[in-house]
Amino acid sequence: MSAPAPTAAAPRSSAFGRATRSGGLALGVLIVVASIAAAVAAPWIAPFDPNAQDVLLVLSPPDTVHPLGTDAFGRDVLSRILWGARISLYVGFVATLAGVVIGTVIGVVSGYYGGLVDRLVVAATDVLLSFPQLIMGLLLVAVLGASLTNLIIAIAVTAVPAFIRMARGSTMAMRERDFVDACRALGYSDMRIMFLHVLPNILDELVVMASLWLATAIRTESTLAFIGLSVPPPTSTWGGIVREGFDNLLDAPWMSIFPSLAILAVMIGLNLIGDGLRDATDPRSPQ
Amino acid sequence: MKRHIIAATAAAFLMGVALPASAESVLTVGMAAADIGQLDPHRATTTQDKPVVSWMFNGLVRFKPGSSSLEELEPDLAESWDKSADGLTWTFKLRKGVKFHGDWGEMTADDVVYSLKRAADSKTSSFASDYAAVAAIEAVDPSTVKIVLKQPIPALLGIVANYHGGNIVSKKAAEAIGPDFKTKPVGTGPFALVEYKSNESLTFVANKAYFRGAPKIDKIVYRFIPADASRDLAFTSGELDVVYGRQDQRWVERFKKEPNVVVEVVQPSELSLFHLNRAMKPLDDLRVRQAIAYAVDSKQMVAFKGAATALPPVSVIPTGYLGTDEKAKLYPFDPAKAKALLAEAGYPNGVAIKVLQTSLPTMLNSMQILQAQLKTVGIDLQMEVVDHQSWHAQIRKDLSGANYYSAARFPVADVYLKQFFHSSATVLKPTAVTNFSHCDVADKEIDEASVAVDPVKQKELWYIAQKKIIEDVCAVPLFEQLQVWARHTNVDYGYQFKGAIHLGPVITEATTKK
Amino acid sequence: MTAALRDDFIPDAEPPALVVDELTTQIRVGRTWYDAVRGISFAVRPRETLALVGESGCGKSLTALSVMGLLPAGVGRVSGGRIVVDGVDMTAADEPTRESMRGDRIGMIFQEPMTSLNPVLPIGFQVAESLIQHRGLSKKAALNRARELLELVRVPAAASRLDAYPHQFSGGMRQRVMIALALACDPKVLIADEPTTALDVTIQAQVLALMADVQKREGLALLLITHNLGVVASVADRVMVMYGGDVVESGPVRAFFARPSHPYSEALLAAMPRIDGDTPLQPIAGQVPTLTQMPTGCRFATRCALRHDRCAELPPLTPVGDDPNHLVRCWARMSP
Amino acid sequence: MLRFVIKRLILAIPTLWAVLTTVFVLVRVVPGDPTIAILGDQASEGARAELRDKLGLSKPILAQYVDFMSQILTGDLGRSLSTNRPIADDVLAVLPYTIELTLAALVVGTVLGVPLGVLAAKNRNGFADWFARIFSLAGVSFPAFVSGILLLLVFAVELRWFPVISSANAADPVERLRALVLPALNLGLLMVAYVTRVTRSGMLKALSEDYVRTARAKGLPYRTVVWRHAFRNVLVPIVTVVGLYLGVLIGNAVLTEIVFNRPGIGKLIVTALNQRDYSLLQGLMVVSAFAIVLANILTDLTYGLVDPRVKTQ
């Protein structure tokens, strides 16, 4: 139902109330946009040089000068989180995008053609899924080393099978529908049918899943940092800060906790977006 | 093997259930490692291997418990010894009635000969090069062993001490058990290994027949706890009696504040060196190497690490080794000079050095400090971070522009110099060990010193070697770190714990837990 | 004065099993509540069938859900009026009381037999469930009774199919199961919301006949919701036409078909296919306005050929001719 | 059913083979070899070359592959390069720990996630909904190594309810169970968010279904409607997620195993890789991949139990 401006004046509710009732999506967008803005503006809003070490300030607890404390090198944690957002969000977005594009293309082709191609794709997906992500990450660091690109690869590789499965399933369902037959009858090429007709129909679902996967990707970065797959120093990432903080967790818990909270905030934002998009595309939900 | 595990598990089960905890004295030790490296004493080189080897084995002589000094060697399996006037023939009188663990019988000269020959063979030992000067090892009679040298060596007693190759194994056991000896070592020490659980623990029981008397501790559980925080928590909660400490000021301070805890910071120190690859651009230029030496502020490094556990370096060999010479002056911290040298070398706008770096957090952390220091003079240390084994492999293939390496060695200058700065140890050679810098400026002095009979002359040669290496900047010493261990006050090692040649406390027959 | 009170169609009347009095049901759109059912009133006596007729969106299903107390929370609410089932005022009752009424004294059959049964529970249990709930029967006794009920609605081999799942049944069979389910506790009132719409025509007739049969046997008051005037003609005693939440016409079936009086009723009849099939079908022009755009007066005005100025004001229900039981809500058709 | 399982196992053989081959190739592409781990860093290059010969690592890679595959085909996982112990022994020693941790974490994840999801769905956009969603996300936002230490700090060190060293008293069943609580909680947190999400959206969908209205029309209390009618229908997606996580948890158990000092397949894999113990690593990967295959089969069998429409032929 489309709702024009209601005639009865709605009571002004609190921002939270408004957001929770109908604006989960808006709140989610707000959080994510704010994070991106913080990342972009890091050079101007970060109070300190994120890499400036100070031996006198090693592991100093949060105070007015360093609101989130300092790390084992006396670096300002807030500045490192702000700068780290750039890498962490970038890694998350690029890895998810790569996973979505590769996974979807393979999934759609596999689901559309079926047959031998499909079997091979399914088998390859099974093999990929048989490698636990951390083990895969470990192997990648060992084979390729720890770098931004390899971090992205390690995360994207886990997203690919998930998107293959989804796109393949939806395409197979779509293939049975009349309009695909109609397209064939009109003599459209397979390419055209797949990417101009089938793909747009599964796009809703893809976008929802991608938003949730992005949240996972941002979190995964910290896990991979633990096994040594991160961005070489001194560049900071959220996962890297959490990992460095782990070594001093009992002396300086703020180092791990603040970046974890940043990850939590973005995850909440992305999940709200995911839920909001799902609700928007789900005809059952009220409004 | 399977039967062994089942039996051991059953035994553990019975012990756990049948015996109330108070009935036996169990010492639990926490170690910062995922697993044991090697239990074979002739292969054991890692920090986690050495302490346990010292609990299981004896040498002909031993480092006094709690000491890491060669000056304080005392009789162990040998009761006495003589050396010929030329210093080439040594005769050891063995203690009688010493029993190996289990049913492997009495220790005799045969075992000693077998063990030392085993230690001298690179197929069975990682320390074969230490015995290069040994011409013959013979059993004169069941309680007498004779060692003949080709040439004098700096510290013969050192290579027959309870350290590395000097540990005496049971010949019968080693021959009978074969390749499995590495997980079922048999020695004469106060404790015998009964169980090894991968990634988890080693369990030792007291050797009641130990020749110095039955140990007062009944059992030792040596736990592998790689995560610092959980190891610390296990110690705080009382689940560990003794714990490997972090080489870190804050760690020491935190545990010193806890009640009933004793923190001990002991020798030997590990020296962190930044080896500069003299065969690769831009460090093939002495001026650039010197610039790095001037740019390093080791005082600040020590400040970051904390004065309680870190020391400024004195040379390219760790403090306190036989032959370490503090007269060989290191470069002072002088960033202006560093910049000037860089400009002179043709890099007025700075220079980038690509280095391979392990992802191990502690080493990565030290590199971050160095990276920031070098950056202030315009040297951009670009790290390619790889996993630890890849790093080990790749630095040995001469792929890194410079290399951060931290090590403690047998406390004689000879070993450190030969492994890190002698051209024969240069990477890529068949004789390669850990000379990453392609250093070759002091070969002559190192070789001469190792066969010098006169100790004064020997020390003089080592001094010159260190001076040359420093001047040529094969490596820049960064800082030294001491070993840190903590115990609850109810544990008494039975001696003053001041030095740990085995990198950890030796648990002896005298060690008690109340 | 309410329609219910004036409605004494059956002279020797038993008291009505269901009384709905001035019921107003609202639906929330955005943050505003809109009237979707406006003050409707009716009563159904035992053995009587009242048909509620209208296009989708006219408020007939909402009326049924209001009676059942099953309006989706937060989206729909009863904002005025009274609903009395078998003497119990449902609007004043608390939720536990309403729960105890539902499935016991008032049952409901839904439109979609394919989705109205739980796919993961066995048929027998689904029928037996309300007996366990309301009658406190043991599971075994309830299943035994469920078998009888399934036999009553002529599910073949009922005993062996108690353990079957809905997906093993055809649509018609499922609707029989739904009827058995609704009848399990011998309710006084049965609401059937488009019970046959989703079924094949041949099955429709069977199911309708079954319902009528059961109704007479059990003495049920039946509120039949349908858009199908053919069904109304064949089974209903009285009919009530709804449009935009208002009752626009009500009366005995015979009188209604003889003299449909509201322009909307006429249009409905004209749109109905006939067996004789001479007259061409006439679809109703325009669409039901959305809830947010309802005219304030007569809600049919936007689509009505007889529209004039007074239609901006809601006309009252007035008798058609001199029949006190046949009422219409139209300025144009009001008796002078 | 047995036929189904056997068929699935046979179908899994190519997958296992591909996993094995991939691991075989990968670990040989990886720089480094077991010699540093075995000989230490003071051994000369020559000694290491000798050891490589002895371990057969200087043979052509194809020959090594043939050796390896023929050994696997005889059902022998071989011996560890660094300890020389039979790999099967090492695996059997840690497998019970892995199984108990994984299953316990699944239980934790399900027991926490499902009620949270149901609660959230019942109170859509209400306080409970927000609490459930944020709480469950907090569980995954903190990496396992951080959350693990925080759990230990509170429950093991401050409150002393549980031991820090999870494997210390493994012989005593009660102690062993007690020691399992925190690790299971920590690992289970990983899946709570996802289970909550799937349960919530499944419940939202189910609660709007016609059969729920039917159930309410029967006069069933809302609780019964929610759990018996709506929730039963959400079991299929929940089982899917739980099954999926069976595999995920086996791999992600590593961090929990490290922090809580538990032995396990994951930790052993990491050690094997760190020591370049090729044979141990390969053996463990076979076991791990096989476990994931089994988990998938188990999931499919469970579908048949929770959804009468699914028949496991």
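Chains here go by letter, A, B, C and D, matching the order in which they are written, and residues are numbered from 1 within each.
One rule holds for everything that comes next: a contact is a pair of C-beta atoms (placed from the backbone, for glycine too) under 8 Å apart; a residue touches a chain by one contact, two chains touch by 3 or more.
A quick map from chain label to UniProt name: A = ABC transporter permease; B = Polyamine ABC transporter substrate-binding protein; C = ABC transporter domain-containing protein; D = Glutathione ABC transporter permease.
Predicted model only: the values in this text are computed from it and were never measured.
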Reported most central chain by Cα centroids is D
More Cb-Cb contact pairs, comparing A-B against B-D, go to B-D
When centres are defined as mean Cα positions, the distance from chain A to chain B in whole Å is 45
Taking each chain's centre as the mean of its CA atoms, chain B sits from chain D at a distance in Å of 37
Expressed in whole Å, how far the mean CA point of chain C lies from that of chain D is 54
For the pair chain B and chain C, the C-alpha centroid-to-centroid distance in angstrom is 89
Residue numbers in chain D touching two or more further chains are 30-32, 145, 149, 153, 208, 270, 273
For chain A, residue numbers touching 2 or more other chains are 138, 142, 246, 249-250
Going by residue number, chain B touches two or more other chains at 227, 229, 233, 386-387, 389-390
The chain D residues in contact with chain C across the complex are 208-211, 213-222, 224, 228-229, 232-233, 235, 306-309
Residue set of chain A touching chain D in the complex reads 20-21, 24, 123-124, 126-127, 129-135, 138-139, 142-143, 212, 216, 219, 222-223, 226-227, 239, 242, 245-246, 249-250, 256-257, 260-261, 263-264, 267-268, 271, 275, 278, 284-285
Chain C contacts chain D in the complex at 68, 70, 72, 95-96, 98-104, 107-108, 110, 112, 115-122, 126, 129-130, 133-134, 165, 167, 178, 181-182, 184
Within their complex, chain D touches chain B through residues 30-33, 36-47, 49-50, 82-86, 88-90, 92-94, 145, 148-149, 152-153, 156-157, 160, 163-165, 167-169, 171-172, 258-261, 263-264, 267-268, 270-271, 273-276
Note: in the complex, chain D contacts chain A through residues 12, 14-16, 18-19, 22, 26-27, 29-32, 125-126, 130, 133-134, 137-138, 140-146, 149, 153, 197, 201, 204-205, 208, 247-248, 250-252, 254-255, 266, 269-270, 273, 285, 288-289, 292-293
